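Presented sequentially are two complexes of subunit A, the first with subunit B as partner and the second with subunit C.
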Partner chain A sequence: MQNNPPLEIAGKKIKNRFFLGTGKFGSKSEMMECIRESEIEVVTVAMRRVDADAESENILEFIPDDVILMVNTSGARNAGEAIRIARLAREAAGVDWIKIEVINDSKYLLPDNRETAEAVRVLAAEGFVVLPYMSPDLYAAREMEDAGAAALMPLGSLIGSGEGLKAKKFIEILIRESSLPVVVDAGIGRPSQAAEAMEMGAAAVLANTAVALAADPGNATMAFSLAVKAGRLAWLGNMSEPGKSASASSPLTGFLFEE
Partner chain B sequence: MITKKEISDFLADRDPALLEKFAARAGRITAAQFGKVISLYAPIYISNYCENNCVYCGFRSSCGLKRKKLTPEQIESEMKIVSGSGIRNILLLTGESRKMSPVSYLIDAVKIAGKYFSSISLEVYPLDTDEYMELYRAGVDGVTIYQETYDRNRYDELHLSGKKKDYDYRYKTPERVALSGIRMISMGILTGLSKLEDDLYDLFEHLNFMERNYPGVEYSVSFPRLIVEPGDETDYHEITDMDLVKCIILTRLNFPRVGINLSTRENASLRDHALHFGITRISAASNTSVGGYVEGAQEDPQFRVKDLRSIKEIESVLRAEGFDPVYTDWRRIDNTPL
Partner chain C sequence: MKIFVNGKEKIISDKISSLHGFIGIILKNEKGKIIELNGKVVKKGEIEGISLKDGDRIELIQFMGGG
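Our next item is the complex of A and B:
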């Protein structure tokens, strides 16, 4: 019997724990197909790409209405810019779910945790549902939580690298120590890496590059959805890791119980 | 960083298999970093008055060009046409005349542009940091500034008079731009002026310096090829299609996150091929004459456009090649301190 309750963020129940990024698809209609076929429930769109008055395609028209739209602040270099972009998202697109991305390093695209926490504080107080993209640092995670974050989004490895869970140990610490859901974002290149993140207790996984660049994005999205689900079930099943299970005998302390 | 010898070896190499291998690698890096998307922009020339005398340039002060400067009303008319075509990202250009196109004139143009476009870049004469700050607050996102050539002697030879003669002031322009808060800087060389390997190495060094010291800026580069003006007898270096392709590949392999622009100065076929190994942004349906969009002609252009396709045509090529055309890649926010 499966007992797999949905993820809950800000009162929304989310069954599909594979979140999709939208920025790198070669075609918006292909992206929409991926969302539909794999029943994706949470997508992130960069506010910088949203143009309601576009002569050409408006990306928001390709996001089905029943999907949770999380606008991200891509391009923000400090808290102030992230805050302004979030407010613009609320004004222009009526969106309250914000993935804070504050990046002041165009070479590695590593997030600035300090500025991010500041943006979380201001935006959470304004009633936004705030999900900070961050480097997996315990102090920063505590700060984000205190500031009112709805979830944490630590990076698995560098954006677009496909290198998987390079930051595994540190993400594990966040999962153990934070009461917030931990969504692993960035660097997840294969479904097996997504499953690994879920097996260690992540609440969800977000990917974009791996799916958008696949020769067949539809199948790739489905593969990620299934892998995320499998990893979740493995976590719920509390499967022991090989080598970590208790041994039948007690060679070290057994003598205490000998008659 | 790559050495000058490695650059010159690669430029001299004639092995098609090696070139193909590097092109494929450059393509993979570009897709992973930028996605299967290409940003579109258009230039708008608002003035061609120029106080410099650069041997190779169609705008140089000593040539008999009919000088023109658009009024705010004319600027707005140009912008209406460009914005009506779907373009949201523009590059405003002037000749290098502080007298005829002062900062106040630029600010007025930027403010008008703010009504029609989501991202505004400038390619004008080099300015001071506080002037860049004023422009940033008025809504400028990006600045394009080419060193043209990094070879000091050659630079001195080719730039006969005018403020542009000051090599160091130009060289330090990207730093002044970065200090002002402006988000994007586009750098480059006018290929053909000097030895390509030397200029490429120096550009990479400059870019490397900028990335290290001003990491928050989004950088891009361009490699415009010199188009020799009639009557110009100067001895230049020929830049072949292969040279240009190699410039793009070398940039991508060494600077994975740096954008690479390709303008309509290059022909359609080369532009279409280059999408697959490194280009991230292209201009479309450009007119390089002052007031050219309204007049619908290419009268006294800075250079003659080679790719004359309409935006719709370019859009359908992009889609056929598997790329999503991106018109809006920035939403203007208030640039004054919060």
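Our next item is the complex of A and C:
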């Protein structure tokens, strides 16, 4: 029988292990449809200064109330700025789930693990549920865990690249060595890549660009959700490692033409 | 009077004396917008009684789509 317990983070039970980023969608109502149809349970949003000249809708009105809202600190270049964004999100909208994203490098958009760990330490102590977006480094992962992170969010490959699990070996080490759930974030461009992450034991996958820029985001969201579920079931099924030689799936005795 | 809005300096008429009045002029729609005055979030219902003074720093922030 199928036995697939939900992911638990900070007391919340999450059945759909595909987390969705809300950037770059053609329209907010299209994004809302994707969330509804695929029963997405965790989404990320960002915070930005208002452009007073541009009329913009309030994205929170397009996110169903029962969905876990996680504010990312994108735009933060150091721990202090990430902490400020998190506190603002809490004060303005009562949001406690924070994806720490501290980026100082505009070419590769790689996260700064050291500043990120510092932000985790401060915010976890203030009672935030903190999920650090990080380069998959074992020492940094231990630091995040000690600092009170609720999960780890290592990058699969460069943000928005769609290159999949370029960092596979190192993410695998985090999955094996950390007691925290590992949510693979960034660079996941295909449902098959998401399934691959789940097959190796990731707790969840987050994608945004691949879905939002798809010609049909609704189908793309559903494809990711199903792939993530399939990968999870494969992991739980503990399937044998692919071998180098053949192994017959039918009996090798009692052939019809044996003399 | 001189104030700062999202980091940019603005000279406004002294006739605009309240924060609420000023926000009404610069924002087409206040819904979903977060107003910070001198580093502190202005809570709903508090804005009415706040007057502007020279050197005030206003940040207007909102939630946006993001990964």
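Note that the second predicted complex is superposed on the first by the 235 of 259 C-alpha atoms of A that agree within 3 Å, B and C clash if a C-alpha of one lies under 4 Å from a C-alpha of the other, contacts with A are read in each partner's own complex, and residues count from 1 in each chain.
Here, a residue touches a chain if its C-beta (ideal position, glycine included) is under 8 Å from a C-beta of that chain, and two chains touch if they have at least 3 such contacts.
These figures come from a predicted structure and were not determined experimentally.
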*Put subunit B and subunit C onto subunit A via the superposition and say whether they clash or fit.*
clash
*So, A:Leu60: does it touch subunit B (first), subunit C (second), both, or neither?*
second
*Looking at the overlay, does A:Gly162 come into contact with subunit B only (first), subunit C only (second), both, or neither?*
first
*In the superposed arrangement, which partner chain does A:Lys28 touch: subunit B (first), subunit C (second), both, or neither?*
both
*Considering only touches as defined above, state whether A:Asn104 meets subunit B (first), subunit C (second), both or neither.*
first
*So, A:Thr209: does it touch subunit B (first), subunit C (second), both, or neither?*
both
*Return first, second, both or neither, reflecting whether A:Arg48 touches subunit B, subunit C, both chains, or no partner chain.*
both
*Regarding the shared-chain residue A:Ile83, is it in contact with subunit B (first), subunit C (second), both, or neither?*
first
*For A:Asn72, decide between first (touching subunit B), second (touching subunit C), both and neither.*
second
*asked:* I'd like to know which partner A:Glu91 touches here: subunit B for first, subunit C for second, both or neither.
replied: second
_Please report the subunit A residues shared by its interface with subunit B and its interface with subunit C._
23-25, 28, 47-50, 55-56, 88, 92, 208-209, 212
*Which of the residues in subunit C come into contact with subunit A in the complex?*
5-7, 26-29, 31-34, 36, 41, 59-67
*Spell out the residues on subunit B that touch subunit A in their complex, using ranges where they run on.*
31-37, 84-86, 88, 118, 183, 211, 215-219, 257, 315, 319, 322-331, 333-334, 337-338
*asked:* So in the complex, the part of subunit A that touches subunit C is made up of which residues?
replied: 21-25, 28, 31, 44-50, 52, 55-61, 71-72, 74, 88, 91-93, 159, 185-186, 206-209, 212
*Residue numbers on subunit A that touch subunit B, as the complex places them*: 23-28, 47-51, 54-56, 75, 77, 79-81, 83-85, 88, 92, 104-109, 160-162, 208-209, 212-213
